[in-house]
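Pasting a structure below so you can have a look.
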Amino acid sequence: ARARDYGVSPGVMAPGNWNAITDVKGVMVGHISLVEGDNIRTGATAILPHGGNIFQQKVPGAVYIGNGFGKLAGSSQVQELGNIETPIVLTNTLNIAEGIIGSVEYTLSEPGNEQVKSVNALVGETNDGYLNDIRQRSLRPSHIRQAIVQAKSGPVEEGNIGAGTGTVCFGFKGGIGTASRVLPKQLGGYTVGALVQSNFGGVLQIDGRALGEELGQYAFHQQLESADGSCMIIIATDAPLGARNLERMAKRAMLGLAKTGGIASNGSGDYVIAFSTAESMRIPYSLSSDELLTQDQVANDHMSGLFMATIEATEEAIINSLFAAEDMTGFQGNKVRALPVETLYPKP
Amino acid sequence: ARARDYGVSPGVMAPGNWNAITDVKGVMVGHISLVEGDNIRTGATAILPHGGNIFQQKVPGAVYIGNGFGKLAGSSQVQELGNIETPIVLTNTLNIAEGIIGSVEYTLSEPGNEQVKSVNALVGETNDGYLNDIRQRSLRPSHIRQAIVQAKSGPVEEGNIGAGTGTVCFGFKGGIGTASRVLPKQLGGYTVGALVQSNFGGVLQIDGRALGEELGQYAFHQQLESADGSCMIIIATDAPLGARNLERMAKRAMLGLAKTGGIASNGSGDYVIAFSTAESMRIPYSLSSDELLTQDQVANDHMSGLFMATIEATEEAIINSLFAAEDMTGFQGNKVRALPVETLYPKP
Amino acid sequence: ARARDYGVSPGVMAPGNWNAITDVKGVMVGHISLVEGDNIRTGATAILPHGGNIFQQKVPGAVYIGNGFGKLAGSSQVQELGNIETPIVLTNTLNIAEGIIGSVEYTLSEPGNEQVKSVNALVGETNDGYLNDIRQRSLRPSHIRQAIVQAKSGPVEEGNIGAGTGTVCFGFKGGIGTASRVLPKQLGGYTVGALVQSNFGGVLQIDGRALGEELGQYAFHQQLESADGSCMIIIATDAPLGARNLERMAKRAMLGLAKTGGIASNGSGDYVIAFSTAESMRIPYSLSSDELLTQDQVANDHMSGLFMATIEATEEAIINSLFAAEDMTGFQGNKVRALPVETLYPKP
Amino acid sequence: ARARDYGVSPGVMAPGNWNAITDVKGVMVGHISLVEGDNIRTGATAILPHGGNIFQQKVPGAVYIGNGFGKLAGSSQVQELGNIETPIVLTNTLNIAEGIIGSVEYTLSEPGNEQVKSVNALVGETNDGYLNDIRQRSLRPSHIRQAIVQAKSGPVEEGNIGAGTGTVCFGFKGGIGTASRVLPKQLGGYTVGALVQSNFGGVLQIDGRALGEELGQYAFHQQLESADGSCMIIIATDAPLGARNLERMAKRAMLGLAKTGGIASNGSGDYVIAFSTAESMRIPYSLSSDELLTQDQVANDHMSGLFMATIEATEEAIINSLFAAEDMTGFQGNKVRALPVETLYPKP
């Protein structure tokens, strides 16, 4: 189920065809879920900016850190050089290393990369240790490679899947969610897509409705619930943007998270990764010394529509992660219920 | 009028006595408004962290930049040294220099500062050029000093006053707004106060209600309205915090702005200044070379309640700026209406 | 006198025609010096990226902060938007506001700027309070405008002039210095120029020679000398660079400062401002909503030569400021001697 | 051999007992070197802030990025929370993941950490791919654990060892180097230690002597040599410092690198990690909600001596890495000679 099936449609801009990050042409998403026995509830999700050799044809990229209690690998090189050269991998906190190995092995083995000796794997995480026996570090590098090679365009599975298999959001079952927005022609007609791995808390608000208060379930309520946890957010766009304006877009994703009631608590790893798929902005691995990079970019003055689309798509992606998720029992018998969508949004 | 008079009370935490930044003990606010003839609609607002010699007893402070299209003077020294040594002054974009002079002259002339040769004035602004003939640069340094010396504790005037005299927010009259939150005892019992100079746009949302859509007035609506403008936000707390955790609090104020529908557009100067009034955290100007600074601080792990309070207080301060503002006509006959509070929130 | 007149030529790259920031085509420098009575020893220096209307044809720009105990106005907007829209003004610490007014008035009155309501003046400073009665704040906005309109290309006056009139460096008289480097054709053939206002301390080293130790004059020597003070550094280049790579170049200027023995002490305001004069990189004030910015840029991989040139030009500019400076007596009879160049570098 | 054996003693401050990072009480260093067959020339080095359970008794820490073309894992959490909770591990670029696993496994298995579900491994690297067949990714997590558990106080082995086994610096064999400085009593009497993994280029300068030019071997010389490569720098001190002032110290390490002729080229991963061993500054993992962190810190005003010590120790550590290294032949028969110390510094 998705939010729009229940009449929940935050914001004023129109979504794209699949209302998913894959509405940005070329973007592909792959999941691998690991649900084994009573205790293993985890997985990984890979987001590919395009279907070619990403290392040879890097995309402009940026990382914005909403709250840095997290282990995102590869952030400093993206921030320095303004580009992304590998698939983006999301997984659990203690499997970051396997995520790196999977991404590095995939990159080293791609045809054309035989001489490559340095790879900046971009691997984010949230902590699924309530439902998953995270200390087992169950994911293998081969799982990561599987998520990468299975990535495809079209509709994206949401909820208890991939890196969202074992996550919890606002006290309900969270997971993977996605959404998109298309700007009106007069604002450039660009598409902005968001994908989230939701695993955080606060005071839940859905398109303005104060559900956290309504259900009596929110951070610091009787000092019982914790707001901790994290949210990894990926923003894709076909607008031709350089790293600086991508970072500004990434920053706005946190405003979308705020609208769902997130508070970016101390223990949160809230990281946003943004990239542009515009072919004119690709950064070739090798460039002769007298070649310049020719780039036609959206000017600062025309960024506000993209900012607004980022906020809306992020808000809806988080909500979608809650609508799509289902009840789950896991590690040590811990149980997390899905948001009671049918009750809260009864169909007429 | 204030939001709570109409039943609008965002969030789940309790406000302080005056529901104002001055609920943080020691904090004082002073306004100077300049409404002259048909064209001058501007002013300044000064916020004092305490009533003593601020230069001699600096307070820990931080600046977070939500979007940097603005002219905040003094930010880099606060970020480097982690302290604030002057009153915080808010005014219009083209009167930043007069703000600096007023603040520097005030500081140089304070008893005890006779040998001072370096002063870091902290002066922020938003652009009131729609209602105010801003190119006249009408404020004098003496106006700024007046705002500083008139500062007082207790209730804070809101709306078309001080630095908010000529500002516009979501297409309605904006201005000064303030609010506060008191943490429950188990979370430390600290107070957090916010004061805003609201002058920005987006898609107005008041405590979850989608007023922008309801009234058909929001950014990019028919590509007519602009989302540009800015918001200066001041956060005060009596919690003993150092600069790093104050900066983290400041960052959360943008989440409060997001909940009102702000999008931090390209042309926005969205700056947040945060400080702690805790006496144990004061930084004396002179310290002998064998003295250490002794500071008892809130640990990272106990920051989340303060983050949540910051979000709530900022959201309500912005809403209060709209509820308190009144219709205004100014420069070139430009007219801005106040939010039609009575119509939108009819009393039973 | 200049360092090369005495055989001092740091680095391995060749200087430009004037060995000055003005070797970067289009760059102009203007000084105004105020030496009045016994106590006033100050001034201002303006650096113009090009001779046209800078506000209408902004240049890509960046600010890097080596140590932020300083009052540089305008830094946050440059960092957010990646461009510079006014002359760069250097002056003394307590005349920052007059620098802003002079720069704002100049910009507002330029033909074509009649409707401009927002100006980001970029004004840096160091503290000349040992030789100058700085609390008098002697500079007027008219002085600043004078420095701007008098700016010209060609050789640049160094030493006790403009913003360097009253500054002190490594215990000797400092001031304005400049130098440049031209990259070999195979590295792009670009020019990099540096201009400094030197006013800092440490352990003086000139092209490897440990002069501080030789002369027994350096920071913490008998705990007498202070290393405090500041250095404003301006880097210009004709290489087509965007804000991100300009910031990386700016960062390298601090490596040049390090080679002279600077330590970026706690009290230093060490700010570097970098810009590109490449016409293809200009950012027009107005752009229709369907226009993209077309920019041909140097790729990351080809930046290292520009980094090295920045280091060398900065090092030599600082040394030049010392070679050109002359003895000065000022405020309260304070006396600062010039570096005894003739003794240290006897001509054969 | 060490620099001081040849009369090379950069700076004016005195070194500590071992002239090593281990002069900072409690700091321990462990190496593991892997030299196998013709092609494997790599290793890892672990630096432990203290001998206890680091996760339970975290140390204040900071990361400063001189140039971010590198894969340092764990940086964002250190920057957000201001503390370090694991040993610092240095290794080669493509073994970062094994570094993380080794550090995470070590931490999870420490007595007292049985419930820990989140570990921020801090693992840096430089690229030893010229002498080492880096694509083999030869290090195993067990190697990393070995480096950690073998760590000890006292003299530190330098040159071709640990993470420095296969690195190259200024065209000569580089490797591990270390040095320290003790501040005079009047400046606090603190110790500052540096350890480097040197693997970068530029124009070599040793204590002011222009060796790069002398030997005709430097970056861009005939466009043959490359300046790329990286330098990992670790700074330890017993001065009681919080994260903000540790970051400022870390920033100064780049000034020390500059004095050796480094230029922080585009391809450099120049990362500095700084921490304080002061017991009064430890950050316990668990703190009850009404406890504050009590910390006696060095004030900003007394930081400059520590800055100078950082610059000197870093410069000498890099020089020591060159003096200690020896000729090496490795991958594909590549050969790198050691700096010809005996020739350059003939003993009388």
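As written, the chains take the letters A, B, C and D, and residue 1 is the first residue of each chain.
We take it that a contact is a pair of C-beta atoms (placed from the backbone, for glycine too) under 8 Å apart; a residue touches a chain by one contact, two chains touch by 3 or more.
Everything numeric here is computed off the predicted structure, so don't read it as measured data.
Counting C-beta pairs in contact across A-C and across A-B gives the higher total for A-B. Comparing mean CA positions across the assembly, the chain most remote from chain C is A.
In terms of their C-alpha centroids, the spacing between chain A and chain C amounts to 43 Å. Each chain gets a centre from the mean of its Cα atoms; for chain A and chain B, those two points are 33 Å apart.
For chain C, the set of residues touching two or more other chains reads 67, 80-81, 186-187, 248, 300-302. Residues 80-83, 186-188, 240, 242-244, 248, 283, 287, 289-302 of chain A touch chain C in their complex. The part of chain D that touches chain A in the complex is made up of residues 65, 67-77, 79-81, 93-94, 96-98, 100-101, 104, 108, 116-121, 127, 129, 134-135, 137, 269, 271. Every residue of chain D that touches chain C in the complex is listed here, in rising order: 11-12, 66-67, 184, 186-187, 202-203, 205, 207-210, 212-213, 218-221, 223, 227-228, 248, 251-252, 254-259, 262-267, 300-305, 307-308, 311.
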